[in-house]
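To keep things clear, I will list the structure first and then write my remarks on it.
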Amino acid sequence: TAPTPAKAATELLFNVFVPPKHPFNTGMFIPWAKDVMRVTEGRVKVSFTTATLAPPPKQWNMISKGIADVAMLANIFERNRLTMNVIGDLPFLGDSAVHRGVALWRTHKKFFEKANEYKGVKLLGLWTISGAHLFHGKKPIRAVSDLNKEKMWVIAGLPNKMIASLGAVVVSVPGVKMFNVVSKGIVNGKVTSPYGMNAFKTMPYIKHITKVPGGVSSVTFSLLLNKKKWDSMSKKDQELVMSVSGETIARNAGKKTDQLDAKALKMAKAKGITYETASPAFVKELKEKLAFASKGWVANAAKKGVDGNAALAYYRQQVAAQMK
Amino acid sequence: MIVSLIGFAVLFLIAFMGFPLGLSMLVVGGTGFGILRGWEPTLEMISQQILDVTLNTNFAVLPMFLLMGAFVHRAALADDLYEAADAWLGHFRGGLAMATIAACGGFAAVSGSSLATAATMAKVAVPSMRKFKYADSLAAGTVAAGGTMGILIPPSAALIIYGILTEEDIAALFMAGIIPGVITVIAYIAVIKIVTRIWPQIGPPGERKDWGTRWRALARVWGVVLLFVLILGGISFGVFTPNEAGGIGAIGALVFAILRKKMSRKIFFESLLEAVHTSAMVIVIVIGALVLNNFVTLSGLPAAVVNWVETLEFSPMIVMMIILAFYVLLGTVIEGLAMIFLTVPIFVPLVEGLGFDLIWFGIVMVMVVEISLITPPIGLNVFVMKSMLPDVPLKTIFKGIAPFFVADLVRLALVVFIPALALWLPNMMRY
Amino acid sequence: MSEQTLSEMDTPGAEEKGARQTPWVFTPLKVVAATAIFGMSALTFIDVLGRYLFASPIPGTFEIVGLLLGLVAFTGLPLVSSNQGHITVDLFDNFIRGSARRVRDFLVLLGTALTVAFIGHRLLTAGLDEAANDFVTEDLGISRAPLIYLMSALAFLTCVLLLIMCWRYLTKKPVTGISSGGKHSG
């Protein structure tokens, strides 16, 4: 172990379960660790595990029990606990991961924090990937009827329910198995971000892309810190850590994924994959069919004493403000 | 990193002194993690691992396949398998030994254990080979080596445990074992052909059976074929998960044993308890292995090993050769699954870092574990043979094994240099 | 090598061990253990059958099977431990003789007892923690805490059995299981 600096240092063990070259790792985890050490002048040190100490679904428990100190959580794994963040999965909320993520964090601060969903851990930040497009290997998706009985890969949770409600047959195997289900024709299309299209080497099986303005859905993540470790830090260090967390986390992670999205779309165009934006008629149809998702979320929010309609309006407003 | 090296030294010391392996790993892994990370996180980590293993549906695959094995052993399949193989192969020179290998392969297709395969086939095949004046060395060597196929040909306890420890897909691992298993059967039969050509007196031909007998004998092994096809077919076409295949296999084997009138209330109860017993044994080890794994991960040893190997600038294949040579050496004294538990935390990150496929490596690892079961001085399958043939000296058994050991090295080289032999089938799978 | 070495899984010889010595405490354990492992297999089987033949799988099968696994593991623990049935790689077995061996055997028993008690304690803490946090399973929405307490109790029972064996060892009475281990000698 390294020699301890003169002042009592807080050492944070950051559990990493994504591969080293994953954009979240290079774009956010590592810069965050450097920022934290820089602004606290070394009083807070961050080290990374070389492999995960718990499987991805167990990250919350791992952090709340202090097995590791910091970790990323795919919020879907705590879907019973974290119902407010599902706002980030809703359709038509924004294309850019930066916009969506920053808006999510601001909405969290203003509306969700009081619901105290993160009881038992310290939430450092929230982020999302960009708005999901519709990808298909055989035909362009131009109307809801084009999805009827089509086998589509969608991430589990609300996105899965939404796409299923459009008549598609949804398959939600984990990302690592995505190549198998796409390459073997078990699914003919996917609903994901452009980076997601390319991430699992499935681009060769895609022929058509339909961009839905604002995205059909997205995926949200949290950065968690052990509560005891947080409480053990001085007020000043807590402030310093938060000064490089929160919105910065959403921005850094989002920037990286937005870049990769652009790269993937450029590659797709170079390969002759068709790219079109959903027609106003298609968008209208989608909005009608997917209205249940927002309604359901607003109802859930009410259960936690949150004004869901106001929160949604605020979220949209935050995205719009960033687009100016 | 130093902590983890000391940890391994202590682990080997207390394990070799006879402290249960799973508990040794739990104690050393827990202590090491505590030194690096503090005691409170360690206690929580151990709680998490215990619950994660014991209340995890994905691990239920193990008891269910063990139960299937327990029922299968009592269904007296081995006799029919041997009779069928004998009807077709027995009249060749060395034919009874060839039939033994074929029957071992068939038995391995419904049992997940190498020792069970060896012990069961020994009871069936050795008396017949002795009757036809086969050399003890050939008879014992054939069964000891043939028995090792139990963990290569699916279902396989070793592949399930490798899958649990590395979080690799058990269905894909099962698929990957099939072609190497078939190669093994062919290679072992070729070995018998060669040794009986050189020394014809060690394996005289048996009786030639007429075609009617042959087909009738073959028809009686339908149960084995049905169970195997049901389980593997179901998994490979995505009809059910390995877990579900375990349940279907267990109940299928029970039905099968009842139809063959081999099941009584007492035997039923015994089979269940046998599977419970083995499951508990293995679950304790899996908990220990996962705690140890977290300690080793936290210590940074695997990353250090990967970095160090990178500085050597050997080609990945050379590193793989060194790893395999190490395994064969280690396998002389450490047996079976213990090899998997003790080496996975270090070697799997290294192998992955070198860019090898972990499904393929699972098969390679099981093949070196098979070799460990028949290499002196400590070879469990050999000891099984010895306990069943007390009058045959150990030296004779090891002598009989030598040609099979050579075949093992050849087939290992085949799978190492042609990974498609393992990976083609899982890549064909629907999921 | 010890009788219970790693790859010795489901060998035909194993059933004799199970039937060997049976103090009364083992009977209920065995009934629960046997029911749990058979229940797990039968439930899985019926669930698949239901899904394909009648398009009606049994809700919660996935979760129940996982809970039954806990029962299998911890009813099995006293059965395995009291038989000295844990998997070992005692490489030096043939070199340890006489009184050294008696000391070794005693220490292994005692160490096993303490480690198993530690496992029981971890389970008890985990159960209390889940109860305090009102943790429920995802599909069925039930609390796992009672099951975890039971698993903890079975681990402590195992510890008690091993301590009794330790005591007998000290008082030089024959120890169940340990002398009849039937070791494979070379």
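Just a few scattered comments:
Letters are used for the chains, namely A, B and C, taken in the order the chains are written, and counting of residues starts over at 1 for each.
The criterion applied here is as follows: a contact is a pair of C-beta atoms (placed from the backbone, for glycine too) under 8 Å apart; a residue touches a chain by one contact, two chains touch by 3 or more.
This structure is a prediction, so every number in the text was calculated from the model and none was measured.
When every chain is reduced to the mean of its C-alpha atoms, the one closest to the centre of the whole protein set is B.
Farthest from subunit B in terms of Cα centroid separation is A.
Taking each chain's centre as the mean of its C-alpha atoms, subunit A lies 42 Å from subunit C.
Subunit B and subunit C have Cα centroids lying 23 Å from one another.
Taken residue by residue, subunit B touches two or more other chains at 47-48, whereas all remaining positions touch fewer. For subunit A, no residue reaches two or more other chains under the stated contact definition. The residues of subunit B lying in touch with subunit C in their complex are 15-23, 26-27, 43, 46-48, 50-51, 53-60, 63-64, 66-67, 69-70, 73, 111-116, 119-120, 151, 157-158, 239-240, 243-244, 246-248, 250-251, 269-285, 287, 333-338, 341, 369, 373, 377-378, 380, 383-384, 386-387, 394. Taken in their complex, subunit C has these residues touching subunit B: 1-2, 4-15, 17-19, 30, 33-34, 36-38, 40-45, 47-48, 52, 62-63, 65-70, 72-77, 79-80, 85-93, 96, 104-105, 108, 111-112, 115-116, 119, 122-123, 125-126, 129, 144, 147-148, 151, 184, 186. Across the complex, subunit B meets subunit A through its residues 36-37, 40-41, 44-45, 47-48, 52, 167, 238, 294, 297-298, 300, 302-303, 349, 429-431.
Listed in rising order, the residues of subunit A touching subunit B in the complex are 1, 13, 49-55, 58, 61-62, 65-68, 173, 177, 180-181, 184, 186.
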